[in-house]
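Read through the structure below, which is laid out as structure tokens, and then see the notes.
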Amino acid sequence: MGTGRIEAFTDGVIAIIITIMVLELKVPAGGDLGALGASVPILLAYVFSFVNVGLYWNNHHHLMLATDRIDGRLLWANLFLLFWLSLVPFVIRWHDESAFATGATAAYGIVLGMAAVGYKLTVHAIVACNGPDSPVARAVGRDWKGWGSIGVYLLAVPLAYVSRWAVVALYVGVIAMWLIPDRRIARILAERRP
Amino acid sequence: MGTGRIEAFTDGVIAIIITIMVLELKVPAGGDLGALGASVPILLAYVFSFVNVGLYWNNHHHLMLATDRIDGRLLWANLFLLFWLSLVPFVIRWHDESAFATGATAAYGIVLGMAAVGYKLTVHAIVACNGPDSPVARAVGRDWKGWGSIGVYLLAVPLAYVSRWAVVALYVGVIAMWLIPDRRIARILAERRP
Amino acid sequence: MGTGRIEAFTDGVIAIIITIMVLELKVPAGGDLGALGASVPILLAYVFSFVNVGLYWNNHHHLMLATDRIDGRLLWANLFLLFWLSLVPFVIRWHDESAFATGATAAYGIVLGMAAVGYKLTVHAIVACNGPDSPVARAVGRDWKGWGSIGVYLLAVPLAYVSRWAVVALYVGVIAMWLIPDRRIARILAERRP
Amino acid sequence: MGTGRIEAFTDGVIAIIITIMVLELKVPAGGDLGALGASVPILLAYVFSFVNVGLYWNNHHHLMLATDRIDGRLLWANLFLLFWLSLVPFVIRWHDESAFATGATAAYGIVLGMAAVGYKLTVHAIVACNGPDSPVARAVGRDWKGWGSIGVYLLAVPLAYVSRWAVVALYVGVIAMWLIPDRRIARILAERRP
């Protein structure tokens, strides 16, 4: 089994998640450009989620480029990841309708944390199926980024009740950490180029 | 005609079905994480439906890997299956808006039962088009899983009026039955590997 | 330019159209299975639209199998077809919210008629780009089906104000006409098989 | 890294954007065909947006046909473009709910202007990754179309407060400019044909 169809399905689900979030946003109540001001927080939450989901797509893309074989376990690990990503629009809508309630921000941490777990399970399933010397296994190594993300989101859930800005800083920090290109996977992909 | 485009279309429809269900869910009324409590039943129904639709995708994926030829009848059998799967978000929404009314649970049985009929018709169309010695024909055999699922859903519709928990147990039972990997199709796919 | 990406994009748009129609349907007001009774007309309209849009996908699939070259004109003819198909969920929703008003049924005729024009333009663009001896040109011939569909929908718009059932009969007639497999295109596709 | 998956993902997102706009439109309040009259402005706005997003898809298609290599920067430039395109349905909905308020028209200029910036960034990323002698670099040249579009949208934002019709004329002008096929890219694609 090649990776073609799992990539196509994942692309489809992520494309839908990233696009339907906008369906959830309330348009400004007024008719002037200034009325957009009240929409700024939810639009920023949308930007943040778009970048986050886009980051998962980007990483998934690289992961699959380095994967040769898939099996049933990988299909389910991938579905687990997609399930949690699909809850991102739900949490964004909760923010919008509750005027950024604390509970929504805490729930966002749970959703992103479980998505990080799903990504980890996907990586593990690839390694289990392609062997400990496979490109993904070598690229991921000890996977401090994966563990770090899960840890940060675990911390963010209770922290949402203390300081929203600290939580936002944590979330942005995780994004920054993943935006820095992963040299190992880039080097290993370069080696694989014919 | 190869299987490429039928796979792409099916992936697209299933990706949308699995993702828009979340658009249908009402967000918690309150702003605290505790307000999620009231959403737990509908979120569990979402998890259940996500796994169910994901299972169809997974099985469809395996089915198409073992299929060489398609024809018009197969296209329509596949559309019949997709039609019934597309009603899953409708039934989930009915559960949400009617606070888990009995009728919605019974309707869910009808929808899943007809989807199981659609899957059966798809398998039959593949066998009719690829011959009784084709990989799918050999893998499916007497298809007790397919007949069993239809039977269970037939039973679930009246049972919804007697005991919701019995129905949930039946639905979970069907999922468990399909989650167990099908050794025959795995063995036949292994034989086909170059 | 091959047909790959135009097929992928069309598959995506049609998959979304066919699936989001369900998002537009109001769930039953009551909680009993009997409450589904009031939803039967709109569910039948959904079935009808699902078959209609599925038919377009099916025909598009066959058309593209017989097409070797595409150009800018074909891309725009295809977008014109997709535009009108995208209004099908809008017209279905209008039926639902207006309790099947006459205007909505007439508008449905306009939308389906313009989609038929779009399909015709797509066929013309393929012939213009692939030559009068190309497979599609030979398969379509005088295209009485295409002209007939446009004529029927033209008739259906005013007829909606006289008799809804006559209009439904016309719409079902067009579907039946297209469901009969097109022998010419099947024969020509068979010739193309390696 | 080939362009396959970035094309598939972009196709998915654009297919969804172009289709969900229709979900945002309010159906006519009355039940007669005449009631569609009140929907004409928003339907025209939908046509306009459909053509605009379709144009981006068309251009993206040509751009990718002339691209051999992609990198991480290109993935993010492409996501930036898709982000702004994803706000088109949001702005359309604002028009619908505010009865075509001036602020919504101005916001449309911002969204289209930023999408034009995103397209420019995508072109730059392709040139950076494929070299100054690559087909895209030669086809784009000084890119007066790209700069012109950004300039026009910059002008349109304040102009929305002066005359809506002047803004509509500007928007239609940009579309016309892009509809004229780009001879350079067509010639360069023709050279690349095997």
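Each chain carries a letter (A, B, C and D) given by its place in the written order, and its residues are counted from 1.
One rule holds in what follows: contacts are C-beta pairs under 8 Å (C-beta built on N, C-alpha and C of every residue); 3 or more make two chains touch, one makes a residue touch a chain.
Every value quoted in this text rests on a predicted model; they were computed, and no experiment measured them.
Ranking all chains by how far their C-alpha centres lie from the centre of chain C, first place goes to A.
Interface of chain A with chain B: the two copies contact each other largely through different residue positions, with under half of all numbers used appearing on both sides.
Centre-to-centre separation between chain B and chain D, using Cα means, comes to 37 Å.
The distance from the centre of chain B to the centre of chain C, each centre being the mean of the chain's C-alpha atoms, comes to 26 Å. Residue positions 8, 12, 15-16, 20, 23 of chain B each touch two or more of the other chains. Contact residues of chain A toward chain D in the complex are 7-8, 11-12, 14-16, 18-20, 22-23, 25, 27-28, 30-36, 47, 50-51, 54, 57-58, 61, 64-65, 181, 189.
By the touch criterion stated above, chain D contacts chain A in their complex at residues 1, 5, 8-9, 12-13, 15-17, 20, 23-24, 72, 75-76, 79, 82-83, 86-87, 89-90, 93-94, 97-99, 101-104, 106-107.
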